[in-house]
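You will see chain A twice below: alongside chain B first, and alongside chain C after that.
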Partner chain A sequence: MKSMTLKTGLLLSTVTTALALSFGAAQAQDRNITMAVSIPAATHGWTGGVVYHAEQAEKEIEAAFPNIDVVLSTASSATAQVSSLEDLSSTRKLDALVILPFTSEELTGPVAQVKEKGTFIAVVDRGLADPSIQDLYVAGDNIAVGANTATWLSDKLGGEGEIVVLRGIPTVIDDERIKGFSDVIGKTKIKILDIQYANWNQDEAFKLMQDYLAKYPKIDAVWANDDDMLLGVIEAVDQAGRKDIKYALGGNGMKQVIEMVKEGDERTPVSTPYPPSMIKSAMYMTAAQFAGQAPMRGSFLLGAPLITPENADQFYFPESPF
Partner chain B sequence: MKSMTLKTGLLLSTVTTALALSFGAAQAQDRNITMAVSIPAATHGWTGGVVYHAEQAEKEIEAAFPNIDVVLSTASSATAQVSSLEDLSSTRKLDALVILPFTSEELTGPVAQVKEKGTFIAVVDRGLADPSIQDLYVAGDNIAVGANTATWLSDKLGGEGEIVVLRGIPTVIDDERIKGFSDVIGKTKIKILDIQYANWNQDEAFKLMQDYLAKYPKIDAVWANDDDMLLGVIEAVDQAGRKDIKYALGGNGMKQVIEMVKEGDERTPVSTPYPPSMIKSAMYMTAAQFAGQAPMRGSFLLGAPLITPENADQFYFPESPF
Partner chain C sequence: MSLATTTIAPAGEESRIRWADLAPFIALALIVLFGALVNSNFVSSANLLNVITRSAFIAIIGVGATFVISSGGLDLSVGSMMAFITGIMIMAMNYLAPAFGPWAIPMGAGVALIVGSLCGLFNGLIVTMGRIEPFIVTLGTMGIFRAFITFMTDGGSLSIDRSLREAYRPVYFGNFLGVPYPVLITFAVVMVGAFLLYKTKYGRRLTSAGSNVEVARFSGVNVAKVRTIAYVIQGFCVAVAAICYVPRLGAATPTTGQLWELQVITAVVIGGTLLRGGRGRIGGTVAGALILEVIANVMVLSDMVSEYLVAAVQGAIIIIAMLAHRFTANR
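Right, the complex of A and B next:
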């Protein structure tokens, strides 16, 4: 409410300013805006978080910007998402579409068709096969998830020790996380004893960690690459009663793991975010494009700052399923 | 207001959803948030636009999010901006600082001091010397400004012809624009007859274009690299009565040039945005971080889509000075 100007500053005259008040945004604010949001259904933890945060953002954005109507649609398969796009765009004029595509291949054509009608397209997480379709792209930084975890771990281990790593599903996302982690570890004396796939699955991670524990009598730390897998890893370690493992780390910022961080857990004192709430980022940015003509065409790469006991509250959503 | 679910979708139960309503954001929304905004004063066209859009965003954000107080400060020099930061942060707890630094070198230390108090730091346009200080970075894409203009021009000229180019002030920004442009032109048969500096100054551009006109009897197109310089170029061309110049293009999305685009000017039918309204993008994104805990740490690179008669309204602020 207060506006400060240094004496040395040249502010536009108050008269000009008053005349100009919110005139520029008036064009957008005078008419009703429909923002469709198309996301996968809550078929597993992370997408459950996406649904939760999209619903929250719908309420918050409609309260903040009364002329914006958010229409949220979930789908449990790529085919269902294609149908839902047809339903959404056949019955009304969409000013904007925020979409987290089930798959790149199947959704690219249908999203291009929506775009052709003049709809602003915001794509989240998984890109389309043709990036020229999107006006805005919001994605997490998987390289940073791996690199920031590795940097922290290397500091804590004094740059040496023996660790094991779990991989997810063979995808670009997994490749990037592993590359970010391995590049940092490669510059230290830390040895990766073993690295195998457990498909981002808690049960498979439990079994793989049991194998690692049987095979290696001394392990300084384990990086599970993902918080879902981390829960399986921790269960295996606890069942085996192994006390040699100083650190067990994941990544993603899952609620249960952030609670461990908040509580100062010694074995899992940090996580890194790859937050399902990134759907909110895209929805708020799209709202700003229409509510204030704020330029929102471009590419937003989320950072992956370490989640620590000091900042964990900022990443914690007590009511979210993830 | 409406929420659609495909029959195939698995939506969280309505009861859970209702219980969870905006709980996650409640922490942030319950308390008052102070967002300081520190920008250069309106010393020339582009910064005049920055001041205008920051003032607009202040009104809009305070109306949309009643618990957010925006405190706007302008400064006409790097030294004044350092003092203003001290004033802003000594008298109150800043939750967030959105800053367009006058210079990288002089502002890096003072912004780092604000950061140490736990303030969320959003940096716009000119980076700090230490990027680790910023939580959010918002910048335009100067490579794309040059490349998109060159691609359009090459199409229109059929990939051949003779052109002249004006450079700005020797800076990274100018280097990037020229590189984006030259890389595309280098793949065509278009010849750049001449390329010299005119320091993003309208008068200097006028004089340089007069030189070009005297030197080259036939010029197919001129790229002024910037809309301020473009106005000088056009004046020189019109005074000389030269009809050979098919296209005179700039870049930045200045109001007068967007008006030419809207009116279907044959010589200047397009521009590319490097919009002073990017301050709004940063302010809205910071607001979303606090209003909705939407993750906004990261790097947002604005695209530079061609501004054409069809979409010019989206880039047009009739009351803005720029």
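Right, the complex of A and C next:
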């Protein structure tokens, strides 16, 4: 139970940090700029990565900028996030707030209230209903995730073939990815045989792929739109012993899949990043706004370059849960 | 599967009741027939084996749920419990692997069975000793188990050691004389469950506690004990399902087993077990689990429904199956 002891240690250290924070008033005086970070709790792979990278960035920023105090808070629902915003802003003066909102509509009002007190607002991933509230917006490009994968795939298939697609959970993120993908595929002779929801769930992706395999005797490639689902898909293909599937692609840059890319897997030679580490970009940019007075107001859309064996190291975080 | 169920049908009862008992199997046969008409690939042996193997998890957990529900209880925690046991089992196997090699697999499975039974005992004792509604108790433990697996995986995934992966894979993917192992395990669980429920004193006490608590108490049944044991059986069955589940994808994630509790309850009720307790139909539960998987499979194989409406059609078929059941039962 090595990892269990590790976790107990982690729990203890969290408790001690909390104690140190409440007693360490003297230390907080030197840190005259407070940056609050509000993110969803780790309930699945991607948000697990967000929490991991936010914790890393907290340590790094506090070490690099002695005058910045980072306060990290996770919330398990939109309501809980609203409450934690209220707690954060009522107990201290916030100079900056970096927030990955649970939902756009519900968080817009509460964030606007924080803004009225003169706080610098950095919004990550999901935009607020009123974009005028944010000073800085950092997000990934879901359309590019779909479009870049589609461009690569149609290149490799020579512009023709028959493919199947797995969708995630019906949300804007899923819609944008599918739109980016099918817009590019629509211009080629590639035929999308089938497209169904598997809810970004490995088990459901496994079952759906088994059904696809039973339904279509020949499939040239499969796009799972997410690396978690891709793992289920690959298991189903291997089990059926199907050799006709030339490419099985996902997206998001999950570490298990990046490992496959690094090893030069023939069926999964690329992935596309939609990195949870974008929270880190936002925190660093906000820190730069205060510590270096480098102007950071505006929107920053992360590109979605293909992850290939050559550049995979840049996207690989072996310690991260995602 | 149909072989198992014919032996289970209770002998010597009125033909009217036996006709009603057949309802879930008739519904299953109709859906299978429909599937065969929609797409000829449906009846290919590879597809049928896939579907039957996949339904093993819900069927095995469903056997346990048949005990709990016919005793007048309910267990909403089975999906989360399954994920939690999966996590514990993988951690135990990975810990034991360097010292014991492949023997870590049966040892980890043993740990799973113990942890599963204890989880069930925990649910059962709170329900019976604490005298709290099972709905609330298991809703609470559902959250607890789900949080534990999320904590154990850090929100990511917990994978089994690579050295064990190949040795363990056959438990899901392998077969004996063409019958996949999960199906054989389901068969064994069903036979033991049917024997317990229909042929032992415990089974009769269980259904009497489910149909009328007062009458059962007056006739000397220790209702609390009988119900607690039902939850332990449920926990044990969840662990058996977990043992078959791990070799499939080799990992546990915070979404493992999500919403399985609803599928399990649906399978049990479609199978003819009364949700208010007092009557359990183990063979029917297996038919119910098969119906759920077959519907999902047919939905993908047919091109008739838009991907946005699949869930609506599934829901409608389940309701129609229940109405047909009620119709045959009242004749």
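Everything that follows uses one rule, which is that the second predicted complex is superposed on the first by the 291 of 322 C-alpha atoms of A that agree within 3 Å, B and C clash if a C-alpha of one lies under 4 Å from a C-alpha of the other, contacts with A are read in each partner's own complex, and residues count from 1 in each chain.
In the analysis below, a residue touches a chain if its C-beta (ideal position, glycine included) is under 8 Å from a C-beta of that chain, and two chains touch if they have at least 3 such contacts.
Just so you know, these numbers come straight off a predicted model, no measurement behind them.
J.: May I ask you to decide whether A:284 touches chain B, chain C, both, or neither, giving the answer as first, second, both or neither?
T.: Touch partner of A:284: chain B, not chain C.
J.: For A:42, decide between first (touching chain B), second (touching chain C), both and neither.
T.: It touches chain B and chain C both.
J.: Would you sort A:127 into first (chain B), second (chain C), both or neither based on which partner it touches?
T.: In the superposition, A:127 touches no partner, neither chain B nor chain C.
J.: So, A:321: does it touch chain B (first), chain C (second), both, or neither?
T.: The answer is both, since A:321 touches chain B and chain C.
J.: In this superposed model, does chain C or chain B come into contact with more residues of chain A?
T.: Of chain B and chain C, the partner in contact with more residues of chain A is B.
J.: Classify the contacts of A:57 with the two partner chains as first (chain B alone), second (chain C alone), both, or neither.
T.: Only chain B; A:57 stays clear of chain C.
J.: Between chain B (first) and chain C (second), which, if any, makes contact with A:212: first, second, both or neither?
T.: Once the two structures are laid over each other on A, A:212 reaches chain C alone.
J.: Based on the superposed arrangement, let me know which partner A:69 touches: chain B (first), chain C (second), both, or neither?
T.: first
J.: Is A:232 in contact with chain B, with chain C, with both, or with neither (first, second, both, neither)?
T.: In the superposition, A:232 contacts chain C only.
J.: For A:141, decide between first (touching chain B), second (touching chain C), both and neither.
T.: After superposing on A, A:141 lies in contact with chain B but is clear of chain C.
J.: Hey, what residues of chain A end up touching chain B and chain C alike?
T.: Shared contact residues on chain A (touching chain B in one complex, chain C in the other): 1-4, 41-43, 48, 51-52, 320-321.
J.: Going by the contact rule at the top, pick out the chain A residues touching chain C in the complex.
T.: Chain A residues touching chain C: 1-4, 7, 41-45, 47-49, 51-52, 167, 170, 194-197, 200-203, 206-208, 210-212, 214-215, 228, 231-232, 235, 239-240, 256, 320-322.
J.: Would you pull the chain C residues touching chain A in the complex into a rising list?
T.: Spelled out, the residues of chain C in touch with chain A are 39, 41-42, 44, 46-47, 50, 54, 91, 95, 150-157, 159, 173, 248-249, 251, 253-256, 258, 296-297, 300-301, 307-308, 310.
J.: How about chain B: which of its residues touch chain A in the complex?
T.: By the definition above, chain B touches chain A via 1-6, 8-12, 17, 19-25, 27, 41-43, 48, 51-53, 55-60, 62, 64-65, 69-77, 80, 83-84, 87-88, 135, 141, 273, 275, 277-278, 280-281, 283-285, 288, 291-303, 305, 313-315, 317-321.
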